[in-house]
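Following are the structures in question.
In what follows, chain A forms one complex with chain B and a second complex with chain C.
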Partner chain A sequence: MRKRMLAKISEYLMTLLVIITLNFFIPRLMPGDPFTFLSSDEGQVTVTYSEEQIAKYKAYYGLDKPILVQYTSYISNLLRGNIGYSIYYNDHVSTIIGKRIRWTISIVIAAIVISSLTGIVLGSLSAWNRNGVLDKGLYTLMMTLSEIPAFLIGIGFLFILAAKLGWFPLAGGMKSFANYSSFADRIMDILHHAFLPVLTLSVVRLGEFYLLARNSMISVLTKDYMRTARAKGLGKMRIIFRHGLKNAMLPIVTRVFLSLGALFGGAILVENVFHYPGVGRLMREAVMVRDYVLVQGIFLLVAITVLTMNLIADIIYRRLDPRVS
Partner chain B sequence: MVKRIAKRTVAILLSAIILAGSTGCGHSTLSENKNGNQDRPVVVNLEGGDWGYPTPFSHYARGPGLYKMTLIFDSLLERGEEGYIPWLAEDWDISEDGLTYTFTLRENVKWQDGQPMTAEDVKFSFEYFAEYPPVFSDLTVDGKHFIQSVETVDEKTVKLKVEKPLAILLGKIGSTRIIPKHIWEKVEDPQKFNTPEAVIGTGPYVLKDYIKEQGAYQFEAFKDFWGPKQRVEILQFVPVSDSILAFDNGEIDLTRITTDILSKYQSNEEYKVLRNPAFWGYRLLFNMERRTEFKDKKIRQAFAHAIDKDELVEKIAREAAIPANAGYLPVGHIWHNAHAKNYGFDIERAKQLLDGEEFSFKLLTGNSNNEVRIAELLKISLAKAGITLSITSTDFKTRDAAVKRGDYEIVLNGHGGWGRDADILRTMYLTEKTSNRSPAVGGIPGYDNDRINVLCRQQLFEIDAAKRKEIIFELQELIAEEIPQIPLYNTTGYIVFRPAAFDGWKYMFDHHGVTHNKLSYLDVRQ
Partner chain C sequence: MEHSIIRVENLSVCYHADKRGSRAVNNVSFCLDRGGSLGIIGESGSGKTSLAMAMMGLFKKPTRVDGQVYYENTDLNRLSERERNLYRWAKMAIVFQNSLDVLNPVLTVDEQILECLRRHTPLPPREADKKVLRLLKLVGLEAKWSQYYPHQLSGGMRQRVLIAMALSCDPEVLIVDEPTTALDAAAKDEMIKLLARLHKEKKFALIVISHEMQVITRLAGRVMVMYGGYMAEAGLTKDVLKNPMHTYTRGLIHASPSANPYRDLWGIPGEEAGNSSEGCPFYNRCNQKVSDCKTKLPRLAYVGIERRVACNRGGIVTLLTGENIYKSFSFRGKTVKVCDNCRMAIRSGEIVVLIGASGSGKTTLASILAGTLAADRGEVLFEGEKVKGNRAACRKNGIQMVFQDPFTAVNEHLTVRQAVAEPLDILKQGTKEDRIQQVKQALKDVQLPGDDGFISRKCHSLSGGQRQRVALARSLVMEPKLLIADEISSMLDPSTQANILRLLKGLQNAKGFAMLYITHDLALARKIADRVYVMQQGSLIEHGSVPDVLSKQGDGVAALH
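== the complex of A and B ==
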């Protein structure tokens, strides 16, 4: 058992090393460099550096050294826990990511909790009423919802709930420069700002959990023990949620953890629509301006999260299903 | 047990979110300090976004971070509506040989930490920037530092000696930020100097708050500012998802609008609409090293005749632009020559110039909506004259890298700065055989015209403004005739604001953004 665990862990470490290496080389292989700006967005301005200035910056960030030297110094810094100083954003990568990560984590976890719970309930009800009116209605609705792109749903909410009705703020993670009278006030403001992003993400994710729960439940419901439960005269709710769900949970739990793995990437579109201060938007910008150091930092984080969540899913799967050894 | 805790947590979370949503209905997000009320301070809110910590070294190279920094840091001269105006320097004098610049400094100028500003600070700033170039460095010409020495004559006089007597130096010296010696003399790594001390200048605004991840800045009027009284007490840049929704909602006080919704604001007295000067534009650049056919003037002129600029302005810019001039400098540039040749849309003339021959070229463009659409329209219209374009669209960094390497046949590029000093003609059209080319400009690959080269150099050394203007006028005529690259259109764009909230918006003589102009927020009469 211990041996197998060790093998598993070393497998994960190997994967991590490969990913770190790719993270280092792929951004540098992209055309363009962090210092050449010849064009700007319409109506915007940009600073164009002279060749001397570019050379100076390259030396400053060590980008003038051979790529293998850069790679070894990156790895040795990484081992010492130093993930670097951002080229474009002029701050420590750990600070930049640290300040944003909580925003993304909060909305994504909230959204996954909401969408998985709602999805499970609706999916189970759908399965119980298979081919009934409720099932058909829910199925059509969920299929439609999951086909609408995330940003469209977000813009829809923004226009109706925020702009037209004025129930929610239009942008940001909290009120700018507000003086909160109490801690509760502050929390309320943050929740208020998070509502639409969370709602959008939940709606986007709902379909997948619903379908998964429905399918899983349908196959469970045909099992013999379900017939026994019915024969015992147990109530409908008790059969579905106590006897059925327990057995149908397996794929759903796995999916929840896999979704958590995709934590940072998943929120990009929503963060863009609501101008939410998360990591997703930062990742997009960092790639756009070729901030190698920051790109590496974010992707490292993404890789670690995905791997950790996979590992947890692995472990939980074993716990939940005694047949997997 | 665990299950119960989990259940309870979820229930609390859900109810908290629902609660937060419902209480939100009560109070609106309108900023509380609305103006027009005399006894309340004037607060102006503008669209935010993270553009970096506003020091001369930390703001980002792209976007308006530069103009946030200039609210805090003053320079010797400032950009007014007509030209440079005295700022930290009350007066200045240029020696006849053009090699010595003497500035008389204003008295009683204080740094935001209470210390007095002196001639020593000015000397220090120029010397510091020579060692550590700021993000936006004005102290070089073609990448070479042009200041030979700086000395303080007395407490309020600074004398700068320059390497060569160039016509463009006053603006460059005058735009350089002045930073406090007592703070920066200890700083050896200015890019990483991001403490509160780093944002102490002599300027009209003090940085009160900067929240990087939210993209929010708060500036407050500096009480001991030496200059014109601030009309805006508090200036805030706040995160915005859709700027027009935010404007309608009262969250911001000014926004850019598209032509399609112009009438909604023009017909309403509550709003005022302004059309920006056309100092941002798209141009088409030929690589004559890659395709020697372009060395033939007739082919370039055929291109110019086969492009319908009016159509581009109408269909892509939705009329919020003007067709660009063949002589490069846009209408509205202080030295624009209205008599330089322009090429009307004339397919027959284009065919004549091509002499019945057919060509095919590769066009490289960025991937913004407008660039791709311009490229498509060019393709359709040039095809009529017998020129086939195949279009490649990439992200802007890939395109910029290709331009730098010279790896393209024709490239479509969009950028600002068309209103700057006419010396941009030299950086754009002069073929210098040196390694000091700035990648943005660097001439037109493979193009070399003796007369253009001569005039470009002459204007740089012509200290007499009237004579220099004549040279620039001749240069525009020559460039228009030669058409080594094709300027397509200059965007104007509209902005809308509520005059009742704040109406001080002004343009600089060479730039298109009123919110970028420090003078907009001050009580200046010119």
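== the complex of A and C ==
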């Protein structure tokens, strides 16, 4: 058992190393460099550096050294816990990400909770009424939803619910320069702003959870132990939840954790659509200005998140299913 | 009827009732007394499990269940799901067929038993916990297993847990579905003992479903034979097994290793017919079907006390009876009694062995039965008609005889074709080509080559084994209902003898004719006989099933050993 765990963890570490390496090289394959854009914003008149200045900055950030030297110093810095210093923002990458990450984490977690719970309930309902009107309707709806790309759904919501109806703010994480009369006011404002991003992310993920829950429940319902449970004269609720869902949950729970990783990816799109101040938007900004260090930092964070979630999914599955030991 | 605890009336189960579904159970009725026991036996797919599921009310649409299941006087099928839940497990519990998935894989043994107690009994939690441990002990499991998950148990232990779970609420009726599948011989035996003990102690009414004969014989006082969803036969287990009345029951018994410790096993040939509602469901595989059977569905009818059989012909028919047959030969004023008050009955499709020392009168009796020799007194009836002269032998579906000596039994100057087709030629059956086809088929049946080269060979060029097979083929072209084989293997070497015997038994099983086999070889009788008659000095001194007769210590039998 312990041996298997160790093997698993070293497997994850290997994966991480590969990702870090790709993470280092890929931004450097992009055309341009940080100093071309250092002092300009998008759409503004570009103030360019002179050759001399560029050479100076390159030397300052160590970008003039051979790429392998850069790589080794990057790795050794990482090992010391130093993920770097942003060229564009002039601040530690960890500090910048630290400020933005809570926004992303909150919408991602909110979305996963909402989409998984709704998906499980709807999926179970569908499975229980298999081939009924409810099942067919839900199935069609979910299939359609899961085929629409995230940003399109986001834009759709933005157009209708925010721009046309004005129910929700168009952009941002909270009102700018607002004076809140109370803490509750502040929370309400944040929730108000988060609503559309969360809704979009939830809708995007809903289909997946629904289909999974439905399939899982359908296969569980045909199992011999469900017949045994019915023969025992147990109540319907106990049959569905204790006997059915407990078995059907196994694949769903793992998927929740696996999705968390994928949702971070989704968040990048959604945050840009809603101009939400999370890591997703930060990344876009970083890419635009070729801030290698920041891009690397964000990628690293996403990679570690995905890997951690995979690991947790692995562990949780072991915990939930007594047959896997 | 008053004291019966469970009464099933005209129960039918139809799968996919919405779109011309298939019927798994057809009008099954039975009742079971408090504390009684009933075995249900049949091949897989005969509707046994569907019947149990219907009794527990576990079918959902689109499966349709018709008929009534009375518990005491309540028709369970009329109850709502909620009301029915009060009967499930508390009054009537089931031990499902053991499979990996029969217990919930994510719940411990403890929880799965406990939830029954919580649902159906008012036991306080602590008492319930104790009861779980008591139940496990009752079925021979240690207390520690309660904390295990189903996948951690062996098949035998899982079976025990299933039984403990089923008995948790002290049901009045227990249905046990295939309690011994997937168990090895020792575990099987233990399981049967356990169930027998529990049945005795707990006094529930027991319904055992199994395709294994020994499970039924050891656990059930009465038995019901199911075929294709119909009841084929019902009665006391002992009677049914000793004297099956339905050809299907007999087939099942012949296929059971426990019922046939010495004999070869032979399955029932053929496949179940499609799902036509007309006619007898066993028509395709029955050896005594008549044209009526194709269109008339037999009803389960009483043929004796506590004995019912569903057969248009009233069960296995008696093909041949010999009543009080006397025969003596006089030679130079000396009279020798060869047959002295012999009575014999041969039922359709069975192998009767007539055994006796040389000179005991076996061949004479056989010749009288076949009609080739006239008796001094007594009469022989074949299918209700008197056997006289060659009346029974000179027609199709009659009696045919194969003799001891293959060299004299087949005219060595005839070709194989002539020898085999001779009866057909005499009867002028069909065209010449038809006859040759029949000859070839018969030769194929007896595993001789049917090519033109072989059939034009003269019989004298054949070996003894080949000539005996030619003789056999000659009988088979007449499609006999009764084949009398008089020591047909005694002149052959052991290997050829074994081949011929297996061939003969295989043909008998496939074609379903009855056979009177005459021999002096006890070991052989044991191997092939359904029933045996022992002949000594012109008298039939014993008859019955092989183990019964051979275990008797009479002089006549002893002399054979």
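FYI, the second predicted complex is superposed on the first by the 306 of 325 C-alpha atoms of A that agree within 3 Å, B and C clash if a C-alpha of one lies under 4 Å from a C-alpha of the other, contacts with A are read in each partner's own complex, and residues count from 1 in each chain.
The definition used in the following text is that contacts are C-beta pairs under 8 Å (C-beta built on N, C-alpha and C of every residue); 3 or more make two chains touch, one makes a residue touch a chain.
Treat the numbers as computed from the prediction; the structure is a model and nothing was measured.
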Touched chain A residues, chain B compared with chain C: B
Touching partner for A:Asp321 - first (chain B), second (chain C), both, neither: second
Touching partner for A:Lys136 - first (chain B), second (chain C), both, neither: neither
Which of chain B and chain C A:Arg100 touches, first, second, both or neither: first
Contacts of A:Lys8 with chain B and chain C, given as first, second, both or neither: neither
Partner chain(s) touched by A:Asp91 [first = chain B, second = chain C, both, neither]: first
Chain B/chain C common contact set on chain A: none
Complex contacts: residues of chain C adjacent to chain A: 53, 56, 58, 84-90, 93-94, 96, 99, 101-107, 115-116, 119-120, 149, 151-152, 165
Chain B residues touching chain A - in the complex, by the definition given at the top: 10, 13-14, 16-17, 19-21, 23-25, 28-29, 48, 50, 52-53, 57-58, 60-64, 66, 133, 135-137, 140, 142-144, 191-192, 194, 208-209, 211-216, 218, 236, 238-242, 245-246, 248-249, 251, 256, 276, 280, 366, 368, 370, 394-404, 413-417, 435-441, 491, 493, 512-513, 516
Touching residues on chain A, where the partner in the complex is chain C: 223-225, 227-235, 238, 242-243, 246-247, 250, 320-323
Complex interface listing, chain A residues touching chain B: 30-33, 35-54, 56, 60, 85, 88-91, 96, 99-100, 103, 110, 113-114, 117, 158-159, 162-163, 166-177, 188, 191-192, 194-195, 198, 273-275, 277, 288-290
